[in-house]
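Each in structure tokens, the structures are laid out below.
Paired with chain B in one complex and with chain C in the other, chain A is shared by the two complexes that follow.
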Partner chain A sequence: MRVDLEDLLFSRGRFSLRGSGTFGEGVHLVSGPVGSGKSTLALLLAEILRPESGAVRRHGISSALLLLQFPEYHITCSTVAEEAGSWGLDPDELLVRADLAGRGDDDPFHLSRGELKRLILACMIMRNPDLLMLDEPFSSLDCAAKRRACSMIEERSEGITIIFSHERAVLPRVDALWEMEGGTLKALGRVPGAIPRWRHAPPYLTYALEQGARPENIRLQDAREALCRTQG
Partner chain B sequence: MQDPRLRLFATVVLSVAAFASTAGALAALAWWLIFTPRTKALPRPGVFLGLVVMIAVTALVSEWGGGPGVSYLIRMVVVLLLAAWAYTETQEGEVLAVAVWALGDRIGFEIGLIAEMGLFGLTVIRQDIEQVRVALALKGIRIGARSIVPIAALLIVTQIRRADDLARLLVVRGYTLGGRICPVFETGSRDVLAALFAMIPGILCCPAVRDVFIVLQ
Partner chain C sequence: MIQITNLRHRLIEIPDLTVDARHIAVIGPNGSGKTTLLSVCSGIEEPRAGTVRILGRPPSAVRIGWVGEFPDRTLLFSRVYDEIAATPRFRNRSCPETDERVRAAAARVGISHLLDAKVSTLSGGEKALVALAAAGADDPEVLILDEADSHLDAGTADRVQRVVRKSAAAHVLWCTQSMDTAACADYVIFMEGGVVRYHGTPDEVFAGLEETCFYPTMWRIRR
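Take a look at the complex of A and B:
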């Protein structure tokens, strides 16, 4: 199971996006500043946008889902339970998973942004697609909600998960790192080898690296553990 | 047309002329062909054709019931072309500038600000619809009669929320009533010419002038 980007080129006005590489099984983090082209890349990978040249080739992938940055756009039903049903899921099971038990009759628009994001993320994870793309899954969430979202992403044990995010504080465990800058996608490689090459690394990782520690992954707890190992 | 005051004037005069009579509509269409970038000033074909189809259906029903369906179709399509041109040409802040120039810092500013918010809302709705299309496609739902209700609900709710956010932002920034801006307009010679020619269909559609032509015939 993999997605190949073959000399991808996409232009809109003065902005152009370029990228090559392969997304294999596991969790990938595509980081980069706001406006660097992460959402455009997500739309290209989801085959919603067509590249000007080059291609996105999927191998062994039979289902794909994209979480949009604003979860409101995903709503098509008037209650939370119906919304779960529209994804072909059992509402009771989903509500427990999304930590929204007893809220089945609520209007989805009455949920907070964090609750709504959790609901849609839970829907997508329970659908278990071969390729799951998450566009800014942590934006407008508080720290607790971000941690909950990370746990949900980490629960996914198979398939390809690609996270597009500029988040630099609360991150899940990942298998590979990518960077977007000025519309160019750069593959940094697999974690932990890629961490020292990561220019947009969170401050806690940069600090750990400066102290001579070698974190196993990109979470705060990984940096802490690496510092503890180094400093005894 | 650079000068938004003359553009607004031409749009209003020509729209009234086009709506008032078929002859006025044809004259306004001639003006549109001469003084605008024509097809470059139209919205996306899907949106434009959708609106034309809606007008055509109404015209067909009217014609079928013995009403002036063909005339209605011609007049409304011309009004639509003028509206599309005016919308495409309008730059951010121009409506506020024209309103303040015409009605002053108090009422003019209020009306201009509301109009600017409305225009911005239209742009946002267009982006919202694009996002909803993507979300529906992900669920395997095709846009059709069944999806109209959820799409409309989403657009209304998001617009109300944005309006609420915007209102709070204005309060936080200390906005109460009116404001001061110094609008500056650039008027090209072609703008003046286009505005003068826009008056011809406008004058022709006036009942008093029409009566003179009928008497002369």
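Take a look at the complex of A and C:
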């Protein structure tokens, strides 16, 4: 199972996006500044946008889902339970998974931002697609909800998960790092080897590296453990 | 000075809170009432009971710049220039003065190159920057930002912090999910279930949160 980007080129107005590389099984994190093209790349990978030249080629992938940055755009029903049903999921099971038990009759637009994000993320994780693309899955979530989202992502034992995010405090364990800079996608490689090359690393990770620690992954706990090993 | 007395509105209940600090961070879990508190302090909503006074006046009598959490929902005009110009135009500034204010506000936020762009072509983060420029275009006495940094990368969030720090507003009230950012505020209000659980300097408030994920990551890693 993999997705190949072959000399991808996409332009809109002054902006152009270029990218090559292979997304294999596991969790990938694509970081980059605002306007660097993360969301555009997500749309290209989801085949919602078509490249000007080059191609996105999927191998062995039979299902794909994209979580949009603003979860409002996913809503199609007037209650939370109906929304779960529209995904072909059992509402009760979903509500527990999304920590929204007892909220089945609520209007999705009356949920808080974090609750809505949790609802849609839980729907997607439960659908378990081969290719799951998450555009800013952590934005607007509190730290407890971010942790829950991270563990949901980490529980996915197979398939390809690609996270597009600028999150700097609560991150999941990942397998590979990528960066978008000025519209160009750059593969940093597999974790942990890629960590010292990661220019958008969260401050705690940068601090640990500066102290001579070599974290095994990108989470706060990885940085703390690495510091403990270094400092004894 | 921000004075809150016997406030009851939606889920929030704040009997008495006086804050005399400039940069005030409001933190807490999703659904704890942060946005409701900011809406009442901005004058967007009238409280069901109790009073809020800012600079000795009700919020509706204070010149407030507001940046909402969902820039998609608050941007009204199709061109960036017109969005920022709306603030001085609605206050009946002359055309030359409006133009001057728009260009100055855009330059402060670093989006001068986007003035002629269509709002619909901007990224989520760029929209937040447009909303910030519009909020600052008419010298607000108080700036209120509702999780404006949720959709910003670190570099842009730092830029917003710098702009906000330089603003002449008497108070900057913002809520954030970045505890590392909140740790730099003069004063922190931690809300939970509609009530103010902790308030005080960052040291005082985070001392009560050390066992939770609300403790700043940089404080934890340096311990």
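By definition in this document, the second predicted complex is superposed on the first by the 232 of 232 C-alpha atoms of A that agree within 3 Å, B and C clash if a C-alpha of one lies under 4 Å from a C-alpha of the other, contacts with A are read in each partner's own complex, and residues count from 1 in each chain.
Methods note: a residue touches a chain if its C-beta (ideal position, glycine included) is under 8 Å from a C-beta of that chain, and two chains touch if they have at least 3 such contacts.
Just so you know, these numbers come straight off a predicted model, no measurement behind them.
Enquirer: Check chain A with both chain B and chain C modelled on it and let me know: fit or clash.
Expert: clash
Enquirer: Going by the contact rule set out at the top, does A:His166 touch chain B (first), chain C (second), both, or neither?
Expert: second
Enquirer: Where does A:Cys143 make contact in the superposed view: on chain B (first), on chain C (second), on both, or on neither?
Expert: second
Enquirer: Return first, second, both or neither, reflecting whether A:Phe70 touches chain B, chain C, both chains, or no partner chain.
Expert: Once the two structures are laid over each other on A, A:Phe70 reaches both partners.
Enquirer: So, does A:Thr79 touch the first partner chain B, the second partner chain C, both, or neither?
Expert: The answer is neither, since A:Thr79 touches no partner chain.
Enquirer: I'd like to know which partner A:Phe109 touches here: chain B for first, chain C for second, both or neither.
Expert: first
Enquirer: Tell me which partner A:Ser20 touches in the superposition: chain B (first), chain C (second), both or neither.
Expert: Once the two structures are laid over each other on A, A:Ser20 reaches no partner at all.
Enquirer: Answer with first, second, both or neither: which of chain B and chain C does A:Thr184 touch in the superposed model?
Expert: neither
Enquirer: Which partner, chain B or chain C, touches the larger number of chain A residues?
Expert: For chain A, the partner with the higher number of touched residues is C.
Enquirer: Quick one: from 24-32, 60-68, 150-158 or 204-212, give me the piece of chain C that collides with chain B in the overlay.
Expert: It is 60-68; the other listed stretches have no clashes.
Enquirer: Going by the contact definition given at the top, which residues of chain A touch chain B in one complex and chain C in the other?
Expert: The answer is residues 70 of chain A.
Enquirer: Across the complex, what residues on chain C touch chain A?
Expert: Residues 28-31, 69-70, 72, 121-126, 129, 147, 150-156, 177-180, 212-214, 217-218, 220-222 of chain C touch chain A in their complex.
Enquirer: Touching residues of chain A toward chain C in the complex: what are they?
Expert: The contact residues of chain A facing chain C are 12-13, 31-36, 39, 69-70, 112-115, 136, 139-147, 166, 168-170, 200, 202-204, 207-208, 220, 223-224, 227.
Enquirer: Which stretch or stretches of chain B touch chain A in the complex?
Expert: Its residues touching chain A are 128, 131-132, 134-139, 141, 147, 150, 153-154, 157-158.
Enquirer: Once bound in the complex, which stretches of chain A touch chain B?
Expert: 43, 46, 48, 65-66, 68, 70, 72-78, 86-87, 109
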